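In what comes next, chain A is part of two complexes: it sits with chain B in the first one and with chain C in the second one.
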Partner chain A sequence: MDHLSELENKSIYILRESYNQFDNLAALWSVGKDSTTLVWLCMKAFFGEIPFPVVYIDTGYHFQEMYDFRDMAVQKWGLELILARNDRALEDGMGPESKLACCTALKTQALKDCIAEHGFDALLLGIRRDEHGIRAKERVFSPRDQQFQWDYENQPPELWDQYSARADEETHVRVHPLLHWREVDIWRYIQRENLEVSELYFARDGKRYRSLGCASCCAPVPSEAATVGDILAELETTSTSERAGRAQDKEDAYTMQKLRALGYM
Partner chain B sequence: MIFGFGKSKRVIGIGLDGFPYSLAEQMIDEDVMPNLRRLAVQGEMKRIKSVFPTVSGVAWSSFLTGRNPAEFGVFGFVELTRDLELTIPNYTDLKCETLWERLDDAGKRFAALSVPMTYPAPKLNGFLVSGFLAPELDERAVSNPDVLNTLREHSYEIDIDPGVAVESPEQFKEDLDRVSKARQETALALLEEDEEWDLFFLHVMDTDRLNHFLWKGRRGTEGGEDGYFWDFYSRLDGFLGRVIQAVGGESEILICSDHGFCELKWEVQLNRWLKNQGYLDYENAPAQGYKAIKPGSRAVSLVPGRIHILREDRWDAGCVSDKEYGPLRKEIMDKLRGIRHPESGEVVCRQVMKKEEVFSGPHADAAPDIIVDPCDGYDLKARLGAGHLFEKGPRSGMHTYEDAMLLTGSGLRAIQKAQNITDVGRLIAKRVL
Partner chain C sequence: MDSESLAFVLVGHIDHGKSTLIGRLLHDTDSLPAGKMEEIQAAAEAEGRELEFGYIVDHLSEERKRGITIDTAQTFFTSDVRDYVIIDAPGHKEFIKNMITGASQAEAAVVMCSVAEGVQEQTRRHAYVVKLLGLEQVIVLYNKMDLVDYSEKRFGEVKRDMDAFLSRLGVTPTIEVPVSAKCGDNIAARFDRMPWYDGPTALETLDRLRKMPPPTTKPLRLPIQDVYQIDSTSIGVGRIESGVLQAGQELHFLPDDRTLTVRQIRKYLEDGVASAEAGECIGVVLDGPTPSRGQVGCPLEDRPTQTRRFRGTTFWMSAQPLQVGQADLTFKCATQEQPCTVSRLNERIDSGSLEHLETEAGRLDETEVGELVLETAEPVVLESFYDVRELGRFVLLKGHTVVAGGIVTHTQD
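And now, the complex of A and B:
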């Protein structure tokens, strides 16, 4: 079996296992490439009809293209969509000026409220192990307590693909069917399945988005990649060590002056 | 309590940037730091090593990750991209999990104040404020807005402006006093709260600043009559006394430094040397930075003592082939060993090392090809366009790889076996987690 089919098989196994083990399941869908892949895998796992809702956390600040794509996909795939939205905070004028508080209110709180309202006992998430160092310790089934805290030392063991979906006193379990995928796998799979993703991923005027979120807090990266094929070529040549911010803006100028005063450059 | 179960595993750590073991001993002997003596007598104090390249950014990154630079991928305060653009790596460039992330993962209660290379501040469930090189105290330098409020209450500042040290030594001392005092008061307020910290770690940058600019102002040395240097450490000792009191004993206190210090006699401009030897050529255009390097150049240096060979496949402007690389590197290393100061005849380079002797890990490709550890007194610089190989600068103190210090309270014996600053971070993590 080829690599992508192996990844797909494992994810579908996890999806069916979750549906079997939980009474009230939902998938979290941000309309980004990973969670769109997740929704597509759900479509395949359940033969074209997903037997649980998909939750979209609407901060009210997303790109218009994201809302358009969402509505298109809901129609096309016949999804049962649930909006998680903190209307009270939005009415009170919460916005990206207060970055951290904004995320807490419009994302975390909105999701907490949504889980409480619908009584979900498990959520499917499209996170990947290669996203960040901290993810290395993630499990496929990851219990969360009422404060959304993750007690990584007290996780159920996962040996020989035997997933235990119950943990002590959790309010819900997070399930990560894409944990074993890498960014490049996702794009290869999108190419193979001819899966539609948001147009924001493709270059316009020499720039494209590598990940999607609120319009106010996302910056595009310089790129000429206009197709999935281009993106794959780009990913294969980009060295991961190129994240260092280029020394151009005012902040860096100040920092350089300081380094110079100390004789470090 | 049976066999130590349920025993507190907390650590109260203080990182004194660039505080040498030998200076600590002298301060104890001369009774300038009686509280440090008390801590050293009840616990243990030893000499440890720093890391290569010996700068705080790399040393504290090693502490934070418990790993070597080729694993976390940062080799200095500045790096060069393959098209010779200068970049300043920060916390997001660390490619290993850090102590803070591990503590947060484990749900531990921690405070981390002012540790270098913690900017932009990770948004974790701890009381965290970035250190050097956070440009200013704002939301990007703290783990959450509450932290910012607390810090502002105590008039906390990230760092002094080192540029002032040259223009006005009096202003420099005033700044240093103000910034250290606010840092100390903030730390004490946090320690006196009811919060049960699993790890409390305060980093003090002020000692490094003092040592850089006023090393010659120590008593018994030339120009050391004003006593500020000693008074500064005496006040720091007063703070240590208050920490012991706030924590309720010595046993869980740890003090460490990330590198040593010695008197700076000469700044050695390695890029000037590379130019003199015909390995490097550049246009006289400081505004262009490293972009001024002319094609055909074979090597370039970054502070401190990092030499990159400009290989074809690694640099856009590189011209050294795989075949030429080995012999060229050996030739440069041999010549470096021969550099002497023309008047004193002293040797400049104590150790000249290949990168594979010093680093191992997935990012070893990004490491400098040659690492130079200088003899005491010869600070390795890399200013493009420097007129002379040996120059005098405004600083009188320089970092050393040897002679950093570690002091552990009687309850922290497991951390005592650390041999260097990397071990200290790793063993703290092991105890707390």
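And now, the complex of A and C:
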């Protein structure tokens, strides 16, 4: 079996395991390439009918192209979309002056409220180990307590593909079906599956986005890559890290750890 | 373009240089992103410590402050031959469950042993876990050669101890290399400081490892994972754990003891799938009621064992000891799940020394290994771990927590 099929089968196994083990599951979809791949893998795992909603966290600061892509994909794949948005923080003028406070209010809090409203006991997330050192420490099934805290010093053991799936009543579980994929795997898979992704990933005027988030906190990288093939060729030679354009990774050495301990993705 | 990827776990005693080796491998194979060295330099300065390669993998602030790895992490790098996933395992006894978590995802193991300290408790414990989990390809790196003036004599002494221990375990190392992860000797490059060593470097050694193919030549085993209704068709989904499935063939399901015909193999957007093999997640449409989760499909003439009582070896990972007769455990193997009890504990073994602590014991403590007899409430479908691994390995849960991992050694008591 080839490498991409190996990755795909492992993800499908995890997705089916999650759907079997949890009563009220949802997928988190940022419309970025990873979570779009996640949604596509759900289409494959569930034979074209995803039996749970996808949640889009709207910070109000996203690119217009992201909203357009979202609406197109919802139509095409027949997705049940749930919007999570912290309107109160937005009305109070929350903005990206402090990354830690802003991400926590507009993403983490919006997600908390959404989980509470819909009673989700598990969330599928498209994070990958190679994105950030702190994500390299994650489990496939990762429990969160009532305060959303990630107890990264005392994670449960996870052997082979035996996932301890059931959350105690006061917790939800983060499920990471793409943890074992690398950035280059995602792009090769997008190419193989002929999967449509946001146009922001492709170069315009000598620049493209390698990782998508809020317009205010994402910087494009210099690039001439205008097709998936170009991007793959670029990844072969580049030594710039994928999240180099993401401001919240840089505020200080441990911002990601702090964000994630508070329930960030 | 397609590439091959091989995952290996890096194990060994605390401070024998595992994290340093990862940093060195990434650095020497140009696998570090631009700015990474500068970033870890800044983090080291902020905490008033010397720059260490270990910073590349030790990402938690507590890990860097204490200079130890707490949790397993996975790092990627590429050689001229293939892509690698390095699974870094913590060397502290208290984080052994993280080490086992990491090792269970690996296809090969690299044991790091400092020649300054020699074989230590976690060296032995980790090697034992590697053996238990059935990792057959084992590389030993004798690290910190720089601290012993690259002495061939010292290398020989530690190697003798290690070989003696490994042979007690029944492990034959694929290859053994003297290295200095800190200075780079015999990692990706050869320097002239160990002229007495003419074997391969650590990187060449890794490139010689074999990629383990999925068990397609073993008998067919298809545990049902779930049943979906799609367009009023009932589809049983599951992953083929071993062997090959053909559309149109008969499948016998255990423990139900029913034979059904495979009308269709289903994959999304693929019509007329004729066959599927080990490792593939598929759906099957059958000519009768679809068996439920936990049923195992197999050929009529080549069935696994169905039993309520069997023998296994387990590694206990909970601070609360296992008590013989304790009634609140759950057995999980593939997609099967059953309440179970440990009815006998034949041997209690110290995983750090291999010492047999007790026979016919009543309890098993954290980090100890037990050879035991398990009884499940209803029959389960099993194989010896040495025949079909996927149906021969299991976990035990207490409540929602995994408290032990184990392998089936005898499918009948």
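One rule holds in what follows: the second predicted complex is superposed on the first by the 231 of 265 C-alpha atoms of A that agree within 3 Å, B and C clash if a C-alpha of one lies under 4 Å from a C-alpha of the other, contacts with A are read in each partner's own complex, and residues count from 1 in each chain.
Following the convention adopted for this analysis, a residue touches a chain if its C-beta (ideal position, glycine included) is under 8 Å from a C-beta of that chain, and two chains touch if they have at least 3 such contacts.
Everything numeric here is computed off the predicted structure, so don't read it as measured data.
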item: A:I12 touches, of chain B and chain C: first, second, both or neither?; value: second
item: Partner chain(s) touched by A:V221 [first = chain B, second = chain C, both, neither]; value: neither
item: Which superposed partner A:E49 touches (first chain B, second chain C, both, neither); value: second
item: Which of chain B and chain C A:L259 touches, first, second, both or neither; value: first
item: Touch count on chain A, higher of chain B and chain C; value: C
item: Which superposed partner A:M72 touches (first chain B, second chain C, both, neither); value: neither
item: First (chain B), second (chain C), both or neither touched by A:L83; value: neither
item: Partner chain in contact with A:A101 - chain B first, chain C second, else both or neither; value: first
item: Common interface residues of chain A - those touching chain B in one complex and chain C in the other; value: 133-134, 136-137, 152-153, 240-241, 244, 254, 257
item: Chain A-touching residues of chain C, taken from the complex the two chains share; value: 1-5, 30, 32-36, 39, 42-43, 46, 56-57, 59-62, 70-76, 85, 97-98, 100-101, 104-105, 214, 225-226, 228, 230, 235, 237, 239, 266-269, 277, 279-281, 283, 293, 317, 332, 393-395, 397, 400-402, 405
item: In the complex with chain B, residue positions of chain A that touch it; value: 98-101, 133-134, 136-137, 149-153, 240-247, 251-252, 254-259, 261-265
item: Touching residues on chain A, where the partner in the complex is chain C; value: 1-6, 9, 12-13, 16-17, 19-20, 43-49, 129-130, 133-134, 136-137, 139, 152-153, 155-160, 162, 164, 166-168, 180, 182, 188, 232, 239-241, 244, 253-254, 257
item: Of all residues in chain B, those that touch chain A in their complex; value: 55, 73, 76-79, 81, 85-90, 92-93, 95-97, 101, 105-107, 123, 133, 135, 139, 144-145, 159, 161-163, 165-166, 212, 267, 302-304, 363, 366, 379, 381-383, 393, 395
